[in-house]
Structure formats: C-alpha cells, structure tokens
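First, the structure itself, so that you have it in front of you.
Note that the chains are named A, B, C and D in the order they appear, and that numbering of residues resets to 1 at the start of each chain.
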Amino acid sequence: MKEQLATIKPGHILKNTMNALVYHGPQQKAWEEKPKPAIQVATDAIVRITKTTICGTDLHILKGDVPEVQAGRILGHEGVGVIEEVGSAVTTFKKGDHVLISCISSCGKCSYCKQGMYSHCEQGGWILGHLIDGTQAEYVRIPLADGSLYKIPAGSDEEALVMLSDILPTGFECGVLNGRIKPGDSVAIVGSGPIGLAALLTAQFYTPASIIMIDPDDNRLAVSKKMGSTDVINNKKEDAVAKVMQLTNGRGVDTAIEAVGIPETFELCQSLIAPGGTIANVGVHGKSVELHLETLWSKNITITTRLVDTVTTPMLLKTVQSKKLNSKQLITHRFKLSEILKAYDTFQHADRDKTLKVILSNEAD
Amino acid sequence: MKEQLATIKPGHILKNTMNALVYHGPQQKAWEEKPKPAIQVATDAIVRITKTTICGTDLHILKGDVPEVQAGRILGHEGVGVIEEVGSAVTTFKKGDHVLISCISSCGKCSYCKQGMYSHCEQGGWILGHLIDGTQAEYVRIPLADGSLYKIPAGSDEEALVMLSDILPTGFECGVLNGRIKPGDSVAIVGSGPIGLAALLTAQFYTPASIIMIDPDDNRLAVSKKMGSTDVINNKKEDAVAKVMQLTNGRGVDTAIEAVGIPETFELCQSLIAPGGTIANVGVHGKSVELHLETLWSKNITITTRLVDTVTTPMLLKTVQSKKLNSKQLITHRFKLSEILKAYDTFQHADRDKTLKVILSNEAD
Amino acid sequence: MKEQLATIKPGHILKNTMNALVYHGPQQKAWEEKPKPAIQVATDAIVRITKTTICGTDLHILKGDVPEVQAGRILGHEGVGVIEEVGSAVTTFKKGDHVLISCISSCGKCSYCKQGMYSHCEQGGWILGHLIDGTQAEYVRIPLADGSLYKIPAGSDEEALVMLSDILPTGFECGVLNGRIKPGDSVAIVGSGPIGLAALLTAQFYTPASIIMIDPDDNRLAVSKKMGSTDVINNKKEDAVAKVMQLTNGRGVDTAIEAVGIPETFELCQSLIAPGGTIANVGVHGKSVELHLETLWSKNITITTRLVDTVTTPMLLKTVQSKKLNSKQLITHRFKLSEILKAYDTFQHADRDKTLKVILSNEAD
Amino acid sequence: MKEQLATIKPGHILKNTMNALVYHGPQQKAWEEKPKPAIQVATDAIVRITKTTICGTDLHILKGDVPEVQAGRILGHEGVGVIEEVGSAVTTFKKGDHVLISCISSCGKCSYCKQGMYSHCEQGGWILGHLIDGTQAEYVRIPLADGSLYKIPAGSDEEALVMLSDILPTGFECGVLNGRIKPGDSVAIVGSGPIGLAALLTAQFYTPASIIMIDPDDNRLAVSKKMGSTDVINNKKEDAVAKVMQLTNGRGVDTAIEAVGIPETFELCQSLIAPGGTIANVGVHGKSVELHLETLWSKNITITTRLVDTVTTPMLLKTVQSKKLNSKQLITHRFKLSEILKAYDTFQHADRDKTLKVILSNEAD
C-alpha cells in the first residue's frame, strides 16, 4: 500500500476540483474548473485520466448535432487511466489498477448485454460525454465499472490502448465483423478518415486479397497505403465504380464498408457491391438514404448497421499485446491535457494539419 | 424397356407439336400449338409436364414489367413431370423418372453455384419462362438438368411438390433463412399472399414464439391463422406499428419479412424492427425505397435481399416427405392444363376467388 | 409494501431454522432442521423455495461419485421460489419476485460469462448443492443473484418452469444446439431417460425429419413416442446399428445425441453417425472411451461436450410461455417437500415406478 | 490455334506411351513405360503433367498401409499441368489451359458435393493414385474434370500452386477452418511436418495471438519459426503440457491441431485444450485413441475430423495470387520428373535431408 501511495503525486487527491473540457452549447466549449466526480452508486468507479483523445462525434456535439447533450456536460468517451476509488459492488478492479475505458458502458445483466449487444444496454450504452460527464477531464466517474473498464496488463504501451476505447472496436465490429471479411475476399472501404483506417487495420486480421480505399483526400489515401490498402481511388478525380469494376473483373467487391455517413457514400457502396456481398455501414447518418431495391432485391446482398458494442475489446487487447495490431499508427499529434483547446483546433483542421487521432496526456503523470 | 413404353399413353411421343401458354406482349397470351422441344445440348432433358402452376411473376410479365421476356415465349417456371429424354451428359436422371422442376437452373460448376448461390449461376439462374421457354406447356426443355431437377420418390403426392418449385424455397430462403429465425423469436410477416404464407409455413421450422401476420385482406389473415400465425393485423384498419409494439413490449420484432415489394411495406418493416433484428426482403421491388439510416445506423440491424437459390430444395423435400411441412395448404384451385386461361383468370382475381395457388394437371395423365 | 407483507404467510420469516435434505456421506441423507441461510455478500439473494425437484446428479452424489460434495451439504440445484431478501448489489430482483433458479451461477463479468460459457464462470458455475448449500430446502442462498435467477412472469405455471432449472437447458444446449439439428435432418438420441427426453422435446424446435430414440426400456420408448420421436429402437432386443442404417438408407444419422454416459453408448453413437455428422455428448462419463479415429479421421465428423451453461434460459422461457414447449410432460410424480425421502425413493426406482421427473412443493404455499 | 500448336513441343502427342511411377506391391515401385491415358467418359480430361510432388500418403501406400491400392497403379494425386484433351461434356476447360489438379475429384451433382463435402463425392473423392492411376506420370486422366481442376491464371508461379493440390487445403480445411481460429486466439499445432506447417501458414489468415509449434525435431521447429510460429516446444526435451500452460496462463489453448496421427499426439491435444476450445484432427490414424470423456465431458470442447474437401481451393488461389500466402516456402528440393526415384529417397529421408516438399518437373517443358 505504501508503494502505491508513493506513486500518487502530491495534489492529486487533496483537491476537490479538477479541470475539464466543458460543452456550453453549440460552438462553445471551455477548459475550466469543475468539481471532482465522486462515487454515486455501488457499481461506480472513479478513474484518474492519464491519456484521452478527441472523437469525430465530439465535433458533431459541438456543432449542435446531438441535441441530447446538455450545456455544462464534460465531453469525451475515450481514454486510459488509473483507478482512484471503486464502489462497494465493484469486484474486478481496485484502486491503483491501470484501466482502459470503453466508450460503451455495460451492466452485464440485461438481455442486450447477455447477447453481447452492449450498445443497447438498458442502463448503459453510450453515456460518457453524452448523457453524463465524460473523459476529457482529470477525473471521470465510470458507472457499471466491472463491465465498462478493462484491466491494462503491466508493461503495456498505454497510448496505443487509447485507440481501443472507441475507434478500433468501431472499425472492427461495425465494419469488419459485420462485413464478414474472409481470406481472399475483395473489400472496398469508402472513407479513409480515422474510422475507415481503423477498419482497414482490422480488416487485415482476415487476410482479404484486396482492400480498395476510396476517399477524395490524397494524403489520407497515401496513409492508407502505408497501413495496408492494396489499391486507392480518389473519387474526386476518378470514377470509383468504373475503377472498382476493373479491379474486380466486373464483379464488384465482396464487402463494402461505408465509413463516412452521407447519402453519396452509401449510394456508392450500393454500386460497388458484388452479388452475395455485404455492405457494412459504419458512418453516422443524419438523414435517410435511397436504397435501390429495384436492382438489389435479386442480388442476395446484406446490409448491416451497428453502434459499436465493444464486445471485442478483449480480443483487440490480445492482438495489440501480441503485436499483431499496431494501433499507434493512427496517432498523428500529441498534446498535454491542458492544451486540449489547441488539440481540438488541430483535430478540427484535419486537412490542414493531416490529423488522424490526437493524444492528450495528463501532465501530472 | 418394354414396361416403360407400356406406361406411355398413345399419342404422347408421336406428335411433334404440343400445346403451350404463349406470351404475345403486354396483356396478351394464348393457349396454342407449338413445336415440341428437343434436346439442344448434352446437359438438357425433356420433361413431360404432369402438373404446373402460375406465379405472381407470370402476372408481372403479362403486365409488361419484365421487358427481357420476348413475345412468343412460353411462360411458367414451376412444375413436376416425367423425364422424356436426356442428353448424353445427364447422369442423374433417365427416361421415366418423375422429377420436380426447380425455377432456378444450376450448372453446379461456376463460382456462384459452388457457393450455393444458384440464382446467379453463370449459365442458369432464372431462365425458364423468362429467357427460354417454360413449363406452362405439355413439354419443356430443362437445360443443366442434373442441377435443375430433383428426383421424386415413389409414392409422393406430386401436387404437394409443385409448391417446391418456387414458392416454398422462396419463402424459406429469402424470408426465413435470411431472417435468421430462432426458437422463441418474434416475427412479423408483412404480406399474407402466397409468398408470405410460404414464409409463415416454413418459419415454423424454427419455433418462433410469435408470428404476426400483417395484410389488408381479412380473408388472407384468416387463412394465415389456420396455417399457424399467432397474431394478425389488418393494416388497413389498424395501426400496425402500434399493435406490434404492444405485442412485443415496445421492443419490436426480431425478424420482419417483407413479402409485398412496395415502398410502403418496406417502410413498415423499418418501423417494426427491434434493435439487433433482421429485415428479410422477399418482395420484388419496382422502385427504390427510403432507408432510414438516420435512426437505423445505431440499431444493429441487418437487411437482406435474395433471389431464391433453391439450394434448400433437398431439405424441403425431406420436410414434405416426413410430413413436417404440409405444402398442399397453399393450393386453393385445381384445373386441367387445357383450362389454363380460366386458371389465369382465377389467379388474377385472387380477392374475388380467394385464390392462393392453382394446380394445372395435364389431362393426358 | 403492506400488500407484500400481507401475502407472506405467518411463520415464514420469524423462525431462524428451516428443513432441508442433507447429505451425510455416501448412501446417507436426512430431512432435518438447519439454520436459515442469510445474505453473505452484496450480490446474494435469499429465495424461499416453492417447488424443487431431484436430478440424476443428486443420485450420483449419494453414491459417493462426486467427492467434492462434503458431508453436511444441502443437496439440490433446481427449483422456483420467491425472493425473500436481496443483497445491496442486486439490481434485477426485489423481495416478492417469483424467480426461476438456474443450476448454473453466473457473475456476468468474467471472460467465460462474457462468452456465454456460464458453466465455467470464475466465481460461479455449478455450485448449488455441490460446493454450497442447494435448493432441496425451504430456503436457499443464491450467490450472484442477478446472473443466476430469472424473473417468472405473472400467471406462469411454475411447476412447468422447474424443468428449466437444469434438465431442459441441458438437453437443449448440450444435445440439440451442439448437435446443430436442422430442418429435415435425421437424429438419433441414445438414452430415453429424462435428459434424452429433454433433448427430444427441444430437438423438435428445429423440425428434423426423424428422431430415432434408442433405449433398452420399452416404457421409456413408449413415452418418447408420445413426446414426438418418429422411431424407437430397443437396443436390448434389436441391432440398433442395423436398424438405424435401414432407416437412413445406409447413411447413418446427421446427429447422434449421447444421453447416457457410458462407453457402450458412446461407442454406439460412433457407429450411427453419417459422414459430416455430429455426435453431441450430454452424458456424464466416469471413465474414458475408445474413439475410433482409424475410421472416423476421414468422415468429417464433429464431437462436442458441454456442461450446461443455461445461456438459453431466456429463449426456453419464451418457448414455454408461448406454449411451443410443454415442459410439464416430463413430470410423472408430485410430493410435498416434506415427503422428499419418499420422492427420492420413487426417483431412485425409476423402472419400478416409471418415474421421469418429480415435483416437490413447499406445503406452506 | 496455330499459336497453341506452336507451343506444343515435338514428340509430346505422337507417342502412345509415357513414363510413370508404378506401385508394384509393398516396398516396390518403378519408373517405367505405361500406355498414355485416354478419355474414357465425356466428363474426363487428359492433362500433361508439368509439375508434381510426393505426399506422405504415397509413403503409406508403399508400406502397404492402404490395401485398396492395387499393384500396377500409378501413384500421385498432386500436380499442375496443361490440358491435352477434354471429353465432350467438359465445359470449363479446353486444350491448352493450364490447370491445377485437386487431390479430390468432385462430380458437383451428388448430395455431398452440393454441401461442399467433395471428399465424400459419390463418384469422386480421393481416387487419383488410389483407385485409379495418378499424377506421378507424364500424363494423367482426370475424371469429373469440371469439378476437379482449377484454371491457372496467366503469369502464375506454377510451382507454388502444386502446394494447393493437397497439402495447403488439408492444413487449412482440416486444421484451421475446423479449428475455428479467430483473431487473438492461442493455437497449438502438434507436428511440424509439411502438414503441420501448412496449417501454420494458413492459421495466420486469422491473426491468432500465438501459434505454439510442438515437435521432437529441432530443425522443423526452426523452420516453423521462419514461417510464423510464435513459440516452439521440443516435446522430446520438454514437458509440452507444462510449457503450454505456462504460455497460456494455465488455461490451455483455444485450438489444438493434431498433425501427426498417432495416439500419443491426440492424447497431448486433449491435455492442452482450454475449456471451450477445439481439437482439429488432421492426422491419418491407423488405430483408435483414448478419449478422456471423464474429464472432457464438462469442458465444452469440440473435436473435428475431416478428409480434405478442397472446397477452399478458389479461396487459396486468391491468397496465393495476392501474395498473402507464400506457399513456396514448403518446397525444399527440386528434381526432374525422371529423377523421381531419387526424389522418393529424399522425401523418405526427411530427417537426413531436411525435406519438406519436393517438386518434380517434367523436363519436356
């Protein structure tokens, strides 16, 4: 116990306040002082954040696109940290444990959780930085801690694990698993942003013969080549359908992963898909799309949607630990946690700064 | 050989002509004399039709909705019969065998056939009564005979087996298998016509807890009750979404089967589906539909389309032979083959005559 | 609260002792007074037993075959009851809830539970009436209550639900699900005791064409006919292999379910199985068996073992509630709980009394 | 046509005899003159062998272990070549096509073929170099050519493709697919000979976290390290069970692949397997083994057997063409076809010569 106390730096636990990134309504945010969170129910844990990041969803919130997020909310649903305190019903974790925070909270008891569909947990789901305060802060309260945190093995590269809070399980579960990629398959990923690249990295778990990356940004396409895409198409400059058909002997791809979230890209996926293929939607859509059942009704295709369940987090942890997955490739910029406004600026100007994912480190560590 | 000849009634094989139902362009058809078909390539068989039926698709053709069907084409893609002659490469069948004709022709050699996706066979697929002459005739040429016919065991009720040419595999493969129905599940079938009822009959193979039938026709709903539906909703009179939600504790159904083929019914399926559920499209759609990804993107749902492959025909044959499936329930009217114009009239006036499927029997038998 | 108190009959909660069936070493048991159980940790619940039953495993324990069961242990791992008290971390249940007790306790948090393999739960698994006191008593402490109990809907036939504590999920998960039974399949079940019959009842969820029951007891075979077997073989009087081959055109069965647990019956399953088939072991084996890899290596077969996980209990509950599964058919005898020694005698003399499952009802109700 | 004729070297098609490796009873073989094969039925093709190899099974035949192989039989069931002539019912291939020969012949019409279980094809299965003359010859007759040959794309490295006739589909289908390997899994392969190494190469399609290779030969273990094993155990020198448990935190492996075929190695797999795991048998067993159901009955394990179906050959071809699978790594020695007796000597002395697979090239090319 003494040793543990020794590692806690002065000041951490004596103050009752902390700094956090607070949403103040559309276009408004501040890095400001807030009360430190406390255990509210027996299944809670308090985690001192050591590293966190910013998600595209946070930008949507800031635009006002996610109306259920109220002014005053601390944002963020990703990160790693150290357990500060656990409620009396938490049995898996204890003070001092290093943990990965899942963007999805899971009770492990409801019918959805029992089926592995944590995204629809009756008590949890996506609540962090959404319905309750989130992880872009020095401390965070994690409800349903036993089902929502994952122990980090000693000696892990914790920065790499921040990518497992949301982006990698999202790319993997919504894109790759739902897309049922098999050895030898042809795959198209529409959208080479962080989510598309997360799908690209994890698609390689199943050894498809080709992964064709489609995006209007040449830099992002070049990045995808380094991460393992076999072909790239700049769909601002080229006819993506024609080129995919040429690459697949006129048949189309076995799996098309939609990683953008607008009608045009979903439309494109419908044009690329081979008979018997799967369109796995990952993008967050703000409006309806046109589904061409007049041609697709007889094409034996499957379309899937999914909010990430993070049910594969233990599997992904094993692939990172065994060096089969190099999740750090997604990180392009690093900041101190207190520089979070600067980090937001970099993340919002992804084209200008060639940003993929940023890491924010708590300088106290 | 002598015995076989003895069973062939005089006149059958001596004439070079036969009667057949011929399409003469939109709204025009005739029962008229045509040349008897002959073996063209070594994998062909000639089948003398003993019983056939009419499909909803035949009505679509007659409306002019299927432009690739040319005037002069003999219609029909369902039936049972007796092998009259086989080409030199046919090894599974011989003259005199009683056979079930599949609506889908399969070469068994192309990559689609090897994956069980016979609907997309590079040489076959749906060609009978579509791209080549069909089964509403005294004789029919069946290409790729080894992969497109099924031997009928002695003593079978052949009338019951006509339902296995198209309608039962369609309801089963496109609706039930694609819909992944499991014991205890809740199922909604939108459309209580022949196809919806075929899905209803075969859905019961998997023992769902409830099968809710939705249709604007009270007679068809009453028929569905006799065939095993647990609840019925007349969606002309009732709010189908409200009633389904009430029946499912507000959750929606695990599987929704679309068995109509118009935007309204596909829209309804999207409103009925529970998180994690599957919408299995069976209907033949003539135009695009609106897909509500703005709400469905996070609901973990699956949408499937399929042209029947008839890959489950051997399985269905076993369920009929073991009396687990009573396919005759779908037959409401019987005619002589020469009365086919009258049969078409009855089939086209399904509301008036309470028609589901009709059987046309070759009076020579 | 007043209403709930009113339904509790006088005497129930004021005494600190109860009666229970206690194991006192091989061949020795007594119905005797024991202290009432109390909450020990926050995830516990105390359940007042209303109905329980006796399992074949209890007889094994009494023979001394399960050495980890210590003298002084209250037996029983099945039953239904009413929640008397819950620990502070139990969130799914409250006092007065009617509950089904699962024979398997599940924490919902360990890696096994997260994969649905509750049988190997790091804190739970089969512990009731095994490593801790069980359900053949007026009260029982249920650890990990949220994951080990299931709410009984109002108006249920609770007697029928006692069959869902162990025997039906065992027959279903270990026999039917592991056996991958499909519509049209041929199935052999070796052993027509309660477990074999539970497999028989639930095999019908998937509509196999034939279910061949094999047992040396004509009464049990006759019972199986009433419950849906299509063929029966008395393997004391007939050559089971020869008869199965005759029934399956010399091919063997698609699925063989071993529901006895001795080398002879596992040997029989190996002789019955068709190429591509599955042998699903349900029996509890006391010694090793001979596996004929010298012939089976090239037969493309699958062999499975399983301790029931009760992960399908919610599914089974739905099939009972929707009257798709009549689980009461397994009950042959009924006793008061205080007559449990007589019930054991009847259960131990299954041949003499034609016993399948017995129900013990708490007379206080 | 002229061009094709030009590529056929003088002498090829004018002689009526050829050289072949003929089995003359146990321990006896000769490279001798035999009549050139000719088309016998319309589905046959005649292939001029360009490259072939020797299989462990050929050594078993030479020991007399495969009694159905008769004296006078030409051995061999692997190879690539050029179509010399096709029967009238062959539609997929024509003279001059470069083809991969599958060790399994498939009619594509029987119930086994329709389920993808070509190994049990009613007309085919393993017949080459077994029940009919095989591929260790200048020419071979391939029955059921459409289902038993695969077109080789122009520009392929044909030597690499010889590994796809048998050894790679065997390791992949019987070991990897049956073993259900998933990303992050732990895998043990018992036996580091050619078959075990084929399983090792193809196991990596699914990105397991660890692949532990177990063999008594240090050279073969060293080879496995180069091909991607993460850990090696020499089970002559070390306690394999203890080391595997140490590597897997006491849990055992998710998948154990038996690639030897003797009781000891199957016994070892039973000791290594984790609860919920799969033992995939690949080895050809000559006698029965002991199956420890007394401990395994409750461990939720699966055991599979399989004769290779070669149903994944198209998938494997794509992985080779896309350079995801480097099948040439298995080739250690190269000979002229006329040096086949020398090649047999090298293959039989695998320890001495560190032999994995040999390539025999027809010097006429």
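Keep in mind that, in the parts below, contacts are C-beta pairs under 8 Å (C-beta built on N, C-alpha and C of every residue); 3 or more make two chains touch, one makes a residue touch a chain.
No experiment lies behind these values; they were computed from the predicted model shown.
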Please report the smallest number of touch steps linking chain B to chain D.
1
Out of A-C, C-D or B-D, which pair touches the same way A-B does, with over half the contact pairs the same?
C-D
Express in whole angstrom the distance between the two chain centres, defined as the mean CA positions of chain A and chain D.
42
Going by the touch rule set out above, which residues of chain A reach two or more other chains?
314
In the complex, go through chain D and note every residue touching chain C.
112, 115, 117, 119-120, 261, 266, 275-276, 281, 283-294, 296-307, 309
Taking the touch rule as given, give the residues of chain D at its contact with chain B in the complex, in rising order.
42-43, 88-89, 91-92, 107-109, 111, 113-114, 116, 146-147, 311, 314
Residue ranges of chain C in contact with chain B within the complex:
182-185, 202, 204-207, 209-210, 230, 314-319, 321-322, 324
